[in-house]
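See structure below.
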Amino acid sequence: MPEELSLLIVRDLKSLDAGQHGRPFASLLVVKKLASKTASNGNSFFSLELGDRSGSFSCTVFNDSPVFEALKLAGEGAVVRIEGKIEFYQGRLSPRLAKAVPLAESELGAPGVLDNLVETPPEDQHALWQEFQGFIDAIKHDELRMTVRGVFDEIGETFRWSPAAVAMHHAYRHGLLEHTVHMARVCQALLPLYTEVDPGLALAGILLHDTGKAIEYEGTLATKRSRRGILQGHVVLGYQLARKHGIRAKLDADRLERLEHIILSHQGEPEWGAAVYAATPEAVFVSMIDNLDAKMGMVQRALRQADPNNEFSERLPGLSSQLLTRKPPGPPPEQLPL
Amino acid sequence: MPEELSLLIVRDLKSLDAGQHGRPFASLLVVKKLASKTASNGNSFFSLELGDRSGSFSCTVFNDSPVFEALKLAGEGAVVRIEGKIEFYQGRLSPRLAKAVPLAESELGAPGVLDNLVETPPEDQHALWQEFQGFIDAIKHDELRMTVRGVFDEIGETFRWSPAAVAMHHAYRHGLLEHTVHMARVCQALLPLYTEVDPGLALAGILLHDTGKAIEYEGTLATKRSRRGILQGHVVLGYQLARKHGIRAKLDADRLERLEHIILSHQGEPEWGAAVYAATPEAVFVSMIDNLDAKMGMVQRALRQADPNNEFSERLPGLSSQLLTRKPPGPPPEQLPL
Amino acid sequence: MPEELSLLIVRDLKSLDAGQHGRPFASLLVVKKLASKTASNGNSFFSLELGDRSGSFSCTVFNDSPVFEALKLAGEGAVVRIEGKIEFYQGRLSPRLAKAVPLAESELGAPGVLDNLVETPPEDQHALWQEFQGFIDAIKHDELRMTVRGVFDEIGETFRWSPAAVAMHHAYRHGLLEHTVHMARVCQALLPLYTEVDPGLALAGILLHDTGKAIEYEGTLATKRSRRGILQGHVVLGYQLARKHGIRAKLDADRLERLEHIILSHQGEPEWGAAVYAATPEAVFVSMIDNLDAKMGMVQRALRQADPNNEFSERLPGLSSQLLTRKPPGPPPEQLPL
Amino acid sequence: MPEELSLLIVRDLKSLDAGQHGRPFASLLVVKKLASKTASNGNSFFSLELGDRSGSFSCTVFNDSPVFEALKLAGEGAVVRIEGKIEFYQGRLSPRLAKAVPLAESELGAPGVLDNLVETPPEDQHALWQEFQGFIDAIKHDELRMTVRGVFDEIGETFRWSPAAVAMHHAYRHGLLEHTVHMARVCQALLPLYTEVDPGLALAGILLHDTGKAIEYEGTLATKRSRRGILQGHVVLGYQLARKHGIRAKLDADRLERLEHIILSHQGEPEWGAAVYAATPEAVFVSMIDNLDAKMGMVQRALRQADPNNEFSERLPGLSSQLLTRKPPGPPPEQLPL
Amino acid sequence: MPEELSLLIVRDLKSLDAGQHGRPFASLLVVKKLASKTASNGNSFFSLELGDRSGSFSCTVFNDSPVFEALKLAGEGAVVRIEGKIEFYQGRLSPRLAKAVPLAESELGAPGVLDNLVETPPEDQHALWQEFQGFIDAIKHDELRMTVRGVFDEIGETFRWSPAAVAMHHAYRHGLLEHTVHMARVCQALLPLYTEVDPGLALAGILLHDTGKAIEYEGTLATKRSRRGILQGHVVLGYQLARKHGIRAKLDADRLERLEHIILSHQGEPEWGAAVYAATPEAVFVSMIDNLDAKMGMVQRALRQADPNNEFSERLPGLSSQLLTRKPPGPPPEQLPL
Amino acid sequence: MPEELSLLIVRDLKSLDAGQHGRPFASLLVVKKLASKTASNGNSFFSLELGDRSGSFSCTVFNDSPVFEALKLAGEGAVVRIEGKIEFYQGRLSPRLAKAVPLAESELGAPGVLDNLVETPPEDQHALWQEFQGFIDAIKHDELRMTVRGVFDEIGETFRWSPAAVAMHHAYRHGLLEHTVHMARVCQALLPLYTEVDPGLALAGILLHDTGKAIEYEGTLATKRSRRGILQGHVVLGYQLARKHGIRAKLDADRLERLEHIILSHQGEPEWGAAVYAATPEAVFVSMIDNLDAKMGMVQRALRQADPNNEFSERLPGLSSQLLTRKPPGPPPEQLPL
C-alpha cells in the first residue's frame, strides 16, 4: 500500500459507491468508541466506531489482525492513521482495516489535522485563552480574583479544550472557552447599564459558572459524560471547585456564598438543572446572559453551516424552529454609531 | 371644612384607628373603579374604588349626595380631590365622602401630584422620551426608520404613559417606555459582539416589539385590558401597527416580513404568547434581550423598594424566589475598566 | 425501452426483490425533493426523492445524464413519467433513471393520474367546491359575505388544493376544502341548538379560519412550509387575509374584529398556536367544531384504510390510541328518526 | 314577631348596613353546612352555613336555643323558614336566629320557592325529562335501549336533580339533565354527517356517559362529593352502572364493551380523568360532543348572567378568558335557511 | 438437511457475515408476528417476525412453500423448530425457510427451551407461585381471602406467565408474578412499622392490584395489548375482577369498596392511569410499594445484565439515567444485624 | 391583674365574642413575627404575630408601652407569658397587651408547655434520638460510620428539633428526626429483600439525606428559610456536610462519591429539587423510601387529627385528595403472622 495515498475524510468514504469495493484508502480518524466483545467461538474482537468532523462509521476488528493490538494500545479517544480497503457489509460502509498507526500528541498540532477531526470555533483558541486571562485580571477584588485564578490553575487545561455541551449550543472543541469568553464580553458591555450588579461577582460568576463541565465531559476528541458527571452533575461540580478555591484564597464568607449561588442557580429553572432559583442581582444577570449567548451561539453556528441554496437551515432543536440564514436584501448595513 | 386640611395618602387613612371615627380629612385620589348599581329600593348608587400609590379602599355613594354627580362627570380613571369624614363600616375603612373635585389635566403636572398617585420609573420620563427619539434616528435604513417613526406618530403619546405589564415587570406608569429604552441600550451595547445581527432591524424590532401594549392596556391611571387587547392580544396588535406603517413607508417586503416576525415571535414560546418561534438572527436576539431586561427590571424595582431591616425581599413571582437585596460587604466596587 | 411498459406504483417497485436487478420499468411520479449538490470531484448532481401515493424512494442523478436537465426544468413538485432500470444500492431501491418526461398540467386531469399520485378525499372535490360556494351565499350580512367572497377570490384556487395539515388530520390534497365543508355542515346542523351564536359570523369564521394554511403550505404535490408560514404562521396569515378583505368590503369595525378574533383564537390554547383564547360565543363555537371535525376526520381516514384482517388500526398519534375499525355485530342500524 | 314579615333573600340581608342592627327579618334558606362542635365550657353548639341562590352566611346556634333542636332534626341540605334579628359580629352579617321551621318536601314545589333557593336551567325540567325519555326510545337496538332504561330506572330520580359539576359547566340543579339532553340533541343533528358512527351506541353512550355523577355528588341542595365519588370517581361509577344493566338486559358482549368504553373514555385525556383514550368512532364522537356542549354551556350561562353595563363578563375559568357578552351591532340576524 | 444441525440462537445467526450465504441452520423460535398479505399478482404470503430471547428478524413465506401451512396452523405466539438457509436480502438477515415444526406445549418444558426463548426472572417460578399461595393464606379475613382466591381461580394460570409490562419494569415472562411476590414481601416487612394500615386489605390489594394486566396483555410468548386492554385498561379490568369475586364471596360492601379503591388508585396519578387519587391508608401504602419495587426491579435487571467492562449500564428510560453497576470497593458488606 | 388568671390558648381567645370586650386574660405564646415600623408621627412600634399550636393573631405595640422593651429583648421565636385585655379592632381579635414576660429556656421543659405551643410527633423525642444513635452504630464500615457521626456532632442539636418541612409532611418540631428514624426502620426491614443494595451506604444515606434542612430552616419555634437555605438549598447544604466529614474521616473517594450522590439525588426529579437522577442502587432505594415515608407521614398525621364526626379528612395537598380516616368495619385485624 503506497505511502502516497491521499487522505480521505469520512464523507468522501461514504460517497463511494459499491463499484469501489476493494479500493485502498487512508484516513486520519478518531477512535470514538472501542468495545471489546467475545464471539461465540470464544475469540475476542473489537467493535469500534471511527470518525472525523464529517461523520463516522462502525467496523469490527478480530484479535488475529495486526490492527487489534494497535487499537488496544491507542484506546478510545486516540487519533489513528488508518489504511485499509473499502468494503460494504449489509449495505453500509464497513472497510477492512489493514493498518492503524496512532498519532503522537505532538503530531496533532500539525496544520489541518485537528481541524479535520473535530469542529472548532471560528476564533483562534489561543487568542480566546489570552482574552480569558484578561477577564480574570479585570476582577478588582483580590480574594475573588485569586479564587478564580485558583480554579483555572487546577482545571484550566481541560477547560480550554472542552465543548460547552454534548449536543446543543457550542457543542464542539473549545466551545466552553468560546462561550465563556462571549459571555464575559457581554457582561462587560452591559455592566454600565445595570449598575446594581456587582462587577467583580458577575464577572467571576461568568468565568466559573460552567467549570463543572470540564469534569462532567470526558475525553477531548470523543466526548461522553464521566462518572462524576453522572453522579454529581456539572452544577455541583462547579460549585465545589469554587468553594475549594474560595476557601483557599480566604474569600470572605458572604462573597463566597454569593459566588457559589451564581453557579448553583445559573441554569435558571430546577427542571433545567438549577439547584436553586437565582436570588441575587448577579445571579439573575449571569443566568440571563448565559441564556442569551447560548441561543446566539446556535444562531452563529447555523449561519456558519448555512447552505447557500437554501433560505432556511434545518430545524434547530434548541430554537424549536428552522432559521432564516439568508441576509436581508440591499447593501450590508453600516455599523450603527453610538 | 377648612381649606387648610393637609392631604393624607391612603396608607395614612388606613393607619387611623377606630378612635378617629368622624375625623375630617382630604386626599388626592384616582377613581380606580366606578360601577353604577341599583339598590333594592330602586335608587341608583355608585360602588367605587379610590386609591393612590400607597393603597386603595372601596366606598359607596348614593345618588342623593352632591358627590354623585361630580364622580359621574369625572368618570373612571379621573383624579379627584376628596373631602370627607373617616368612618369604618364592617371593620374596614369606608369614609363618608362630602366633596369631590376633579383635577384638570393641567393640575396633574404640579410637583408631587402624580408621584403620589402612581408609581413611576426612577429616570425622568422626558429624558427617556428624548433618548427614545435618538434611537429612532439611529436606524440608518430610511424606510425602516420611517416605519418606526410612523408607528410612534400614531400611538406615541399613549405609549409614553403605558405600563409594560399589569403585574410583573415594569408594571407602572412610563414602564413601557423605560423597558423599551433599556432594551435599546442593551441592543447598542451588544451589536458589536453579535455582528451577524442586522443593526437596523434589531433596533427597529426592539422599539416596536411591545407597541401593541399601548392598545392592549386602557386608561392611564387605572389600567385594565381593552376590548382589542382581549380579542387580539398585544402581539397581533403590534404586528398590525408595524405592517400598516411599513406599507405606508414603502419598506421592502422582505425587510417588513422580518420586522413583523420579530414582533410575532418576541414572547419566546407559544405558551407565553408568541405567534411563532423566533426564526431569524434578529428575532432570537430581540427575544433574549427582552427576557434579560424584564428580569433585571424586577430586580431593580425590588432593590428600590428594599426594606433596610430585611436582607431579603418578599417572594417575587417573576423570579420564583425572594431576592437578596443587601449589598456584598466591603467598599463599593469601582467600575471595571476596559 | 418499449412504449408499452405498464406503469408501476412505488409499492410495486419496492416489492421486487434483488433477483429483478436490471429489469426495466416505467412510473408516473412526483418530484418530492430535488436538492442540487456538488461531488468531491466538482461535478454537480441531484439528490432527489420521487414518490406517489403508495410510497417514495431516493436516488441520485449526475449532470452527465439526460435526465438531469429534464428534472432541472421540471423542478420540485412536478409530475414526471420516469423510465429506468431497477437497481438496489446499499440494500435500498435506487433505480437508474434513463428518461424523465414532465407531464403538462392538462395531463394531470386524465382519469387515474392524480388518484395514483396523491391521496384525496372520498368526496368529489368539484362537488365539495360547489357546496362551499353555497355556504358563502348562505351568509345573509352583505359586507360579511363580501369579505369572505373577497378572500376566496384571492386565494381560492390554492385553498381548493391544499391539505389541512402536513401530518395529522385531513393531511391530503383537497383536505382543507373537505375539512372546511364538513365544519360548515356541522355549523348549519348545530345553529338551531345554540341560538346565542350569530349564524353569519360563525359561518364566515368557519370558512375563513384556516385560509392561512393555503399560504403556510407550499406546493400542491410536495408539501412543505413556506417562508411566510415559518415567519408568521397560518393563524396570523389568515387573520391578515380577513382583515384586508373586511376593510375592502367596508365591513363594520365591530363585526370585523369579531371575525378576526375567531381566526386568532380557533386553535384553542396558546400552546397549540392560538394568539388569544376564544372570548366570543362564535369563537368558542368555531373552535370546538374545528376540534370535533379534526378528530372525526382522523377516524374517517383510519376506517377508509382499515385492514380487514385486523380489528384495530395502527396507533393514531392524533388520537393517542389505536382505533377499533371493525363494526359492531348484527344488522347495520337503521338511521335514527327524529 | 308578626307573620307578615316579607321574605328577604341573602343579598338583601347583606346589603343592610350597621344601622339596621336588631331589625327582625324572615327568609327561606337551605342549610348548606351543619357542623356540631363543643365549646370550651363543654356545651355543644352548631356552626352552620345558611344560604340561597343569592349568597350565604355563617352563624352559630347554641344548644340552649329553641332553634338548635329544629336544625338538628332538619339536617344538612334541608330548607328552613328562618326568623331572627339582624346582627353583625366582627363586621360580618351574623343574625341571631329565633325560629327555624323546616319546609316539607311538598312545600318546595310552591311557585318561586326553589327558584330562589338554587340556580336552575332556563328550560323547564319537566320538559327536559320528557325529551330525555324520547331519546331513550329512539335507540332501536332492543337490548341497548333496555340497558339504558335499566340504568335510569335505578338512578333516574337522582340524575334529574343533579348538577353536572360542582364548579365549571352546568353546575346547578338539573344541570346534568340539561347537559345530557343538549348533547343528545347535538348527536341527533350530527349523526347524518358522520355516518360511520353507530347511532344507537352513540346515543346510548351520551345518555349514560355522566350517570356516575348522580352518585358522585351527594345532596340535592347542598352538593358535595360522596364517599363513592371520592373512592371510585364518576367514570368508574358510570361504567359499573352500564355494566350491571347491560348484563341484566342480555346486551351482547361486543356492544356492551363498546358502550362501557364510551363511558370510560369520555373525559378525553387520562389527566382529565379518562380511564383510557377513546378508541372507537362512537367514543371519539361522544367525547368531542361532551367537550363542545360543556364549553357552550359556560357561554350560555355567562350570557344569562351578563351585566348590561359591561361589555365583558368576569374571567371564566373554564374558558381561560372573559367573554364578550354584548351582541354584534345591527338587526338580529335572521336564522339561516337550509 | 441432517438432523444433527446444532440449534443457533438469533444473535448467532445475525453475527454470520455475507460469506455464509446459503449455509443451512436450525433454530427454535417464537412466531412473534404473522401477518397475511396479498401480493400484486394475487398470491397470498406471510410477512412474519421470528425471534428468541437474543433478538428477532423478519422474513417472508409465500403460499407455495410447505412452511406456509405449518405456520398458518401454528399461529402467532407459537414456538417452532425452523430449518432453512442463511440469506441476506437488502443487507439484512432474511433466511429462506425450508421447514417449520411447531413444538407441542409439553415440549416447551424441556430444559433450556423456554430459557432460550424468553427472558425469565432469576427466581424459580414454581417457588414464586408457591410463595404466592402462602400470601393468600396469610389474609385472615375470610371473605377477603376468598375474594382473592376467587380471582386467581379464574385468571391464575394467565397471571403466572404474564410480564408486568410491555417495556419498563419486570417486562418478561413471569414478571407479573415476580413483581407481585416482591411487593407482598415488602408489605409483610413494613406492616409492623405502619400499624395504621389494615394488613389484610393491604396484602389483598397488592395481590390483586395488577391482575388486570393478565387480561390486558395477550399471548404468553409474543405480548401485545388485547382488545379489552385497549378498550378498558388494566386498572378497570382488575377492578372488575375484584368486584365480581368480592360480591361472590359476600365480602362486606365497605371492605370491598376499599379493596376496589386500592386497585383504582394504585397508579398514583391520573396521568399515569389512576382512576382516582389514593384516599385510604392502604391505597397510599400499596401505591408507594408498587413504585418502590418497580424501580428496584429495573435496578435488579440492569445489574443482572451488567457488562463487566463497563462501570455504567446504558441509559435506563425508567430511571432517566444510566446506572452505576459496579460494586463499591472493599470486602462485601456483612448483612447488618439489628 | 391577679396572678391566678388561668392560661387560655389562642383558639379560646378567638372564640370569645364581642361581649367579652375588655376581659383580662393570660396566655403562653410564641413571638412568631416581630417587625419594627415607624408611624407617620415618627414613633416606632412593633407589628407582631403571637401564636401557639392552636392558632395565631396579630397586634401592635407602641414604644411607650412597657411591653415594647420586653418584646425587643425577647426577640422573634421567643416564648412569652402575655397578660392583657381582650379587644377587637376592625372585627378581628387584637388584644391590648399589658405585660410580657419571656420564659427562660429551662421553663420550656415544664410539662405541657411546649406541647401547647408547637405540634410534636406522637413518639417521644428522646427515644427517637436514642434509636437514631443505634442506627449510626449499625453502620459497619468504620470511615462511613465516622462520617455520619461527624455530621451529627456538628449539627445534631439543630437536627433534633427541626421540622422535616415548612408545610407538607412531618412539618412540626422533631419532624425531621421522626421522618429519618422511620426511614431507617424501613431500610432495615427491606435490606434482606434487596440484597443488591449496600447496607452501610443505604443507611448512611438515609441518616444524612435531609441534614441540609437543619440549616435551611431557621428558628426552633418560628420556622422560616435561612439565607443559606435560599441561596443554596438543603440538597447542596447536606451534600456539603457529608463531603466535609467524609474527607475528615478519610472515607475512600469511591464510597464518598456514592454517599454524596444519594443526597444529591434523593428528591427524585430535578423539578422537585434533585441535582441529578438517582444512578446507584442505593440512591434509587433511598429515594423511594423517602417518598414512601413522606406520604405515609401525611396519612399518619391526618389520622391523628381526624374528626370523629367526619369519615374524611379535609383535602390534603400532598395526597391531592381527602383521606378516609374511618377504620374498616369489624374487629381490629390481628397482626399478620409470618
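We just call them A, B, C, D, E and F in the order they show up, numbering each chain from 1.
The criterion applied here is as follows: a residue touches a chain if its C-beta (ideal position, glycine included) is under 8 Å from a C-beta of that chain, and two chains touch if they have at least 3 such contacts.
Small disclaimer: the values here were computed from a predicted structure and weren't measured.
Peer 1: If you apply the touch rule, which chains end up adjacent to both subunit C and subunit D?
Peer 2: The shared contacts of subunit C and subunit D, listed by label, come to B, E.
Peer 1: Using direct touches as single steps, what is the fewest number of steps from subunit A over to subunit D?
Peer 2: Graph distance in the chain contact network comes out at 2.
Peer 1: Of the pairs given as A-B, C-E or A-E, which one copies C-D, with over half of its contacts the same by residue number?
Peer 2: The chain pair with the recurring interface is A-B.
Peer 1: Note whether the interface between subunit A and subunit F is symmetric in residue numbering, meaning over half of all numbers used appear on both sides, and answer same or different.
Peer 2: Same-residue interface.
Peer 1: Using mean CA coordinates as chain centres, what's the gap between subunit B and subunit E in Å?
Peer 2: Going by mean C-alpha positions, subunit B sits 62 Å from subunit E.
Peer 1: Whole-Å distance, subunit A centre to subunit C centre, using C-alpha means?
Peer 2: 42
Peer 1: Would you mind listing the residues of subunit C that make contact with two or more other chains?
Peer 2: 90-92, 227, 230-231, 258, 269, 276, 279-280, 312, 321-322, 324
Peer 1: Run through the chains and report each pair that touches.
Peer 2: Touch list across chains, by label: A-B, A-C, A-E, A-F, B-C, B-D, B-F, C-D, C-E, D-E, D-F, E-F.
Peer 1: In their complex, what parts of subunit B are in touch with subunit C?
Peer 2: Per the touch definition, subunit B meets subunit C at residues 227-228, 230-233, 235-236, 239-240, 243, 257-258, 260-261, 264, 269-273, 275-276, 279-280.
Peer 1: Inside the complex, what are the residues of subunit F that reach subunit D?
Peer 2: 12, 15, 17-18, 88, 90-92, 309, 311-312, 321-322, 324
Peer 1: Can you list the residues on subunit E that touch subunit F in the complex?
Peer 2: My answer: residues 134, 138, 140-141, 182, 185-186, 188-194, 196, 198-201, 203, 252, 254-255, 258, 269, 276-281, 284-285, 288-289, 291-292, 295-296, 299-300, 303, 312, 319-324, 327-330, 333-338.
Peer 1: Which residues of subunit D touch subunit F in their complex?
Peer 2: It is residues 35-36, 39-40, 89-92, 227, 230-231 of subunit D that touch subunit F.
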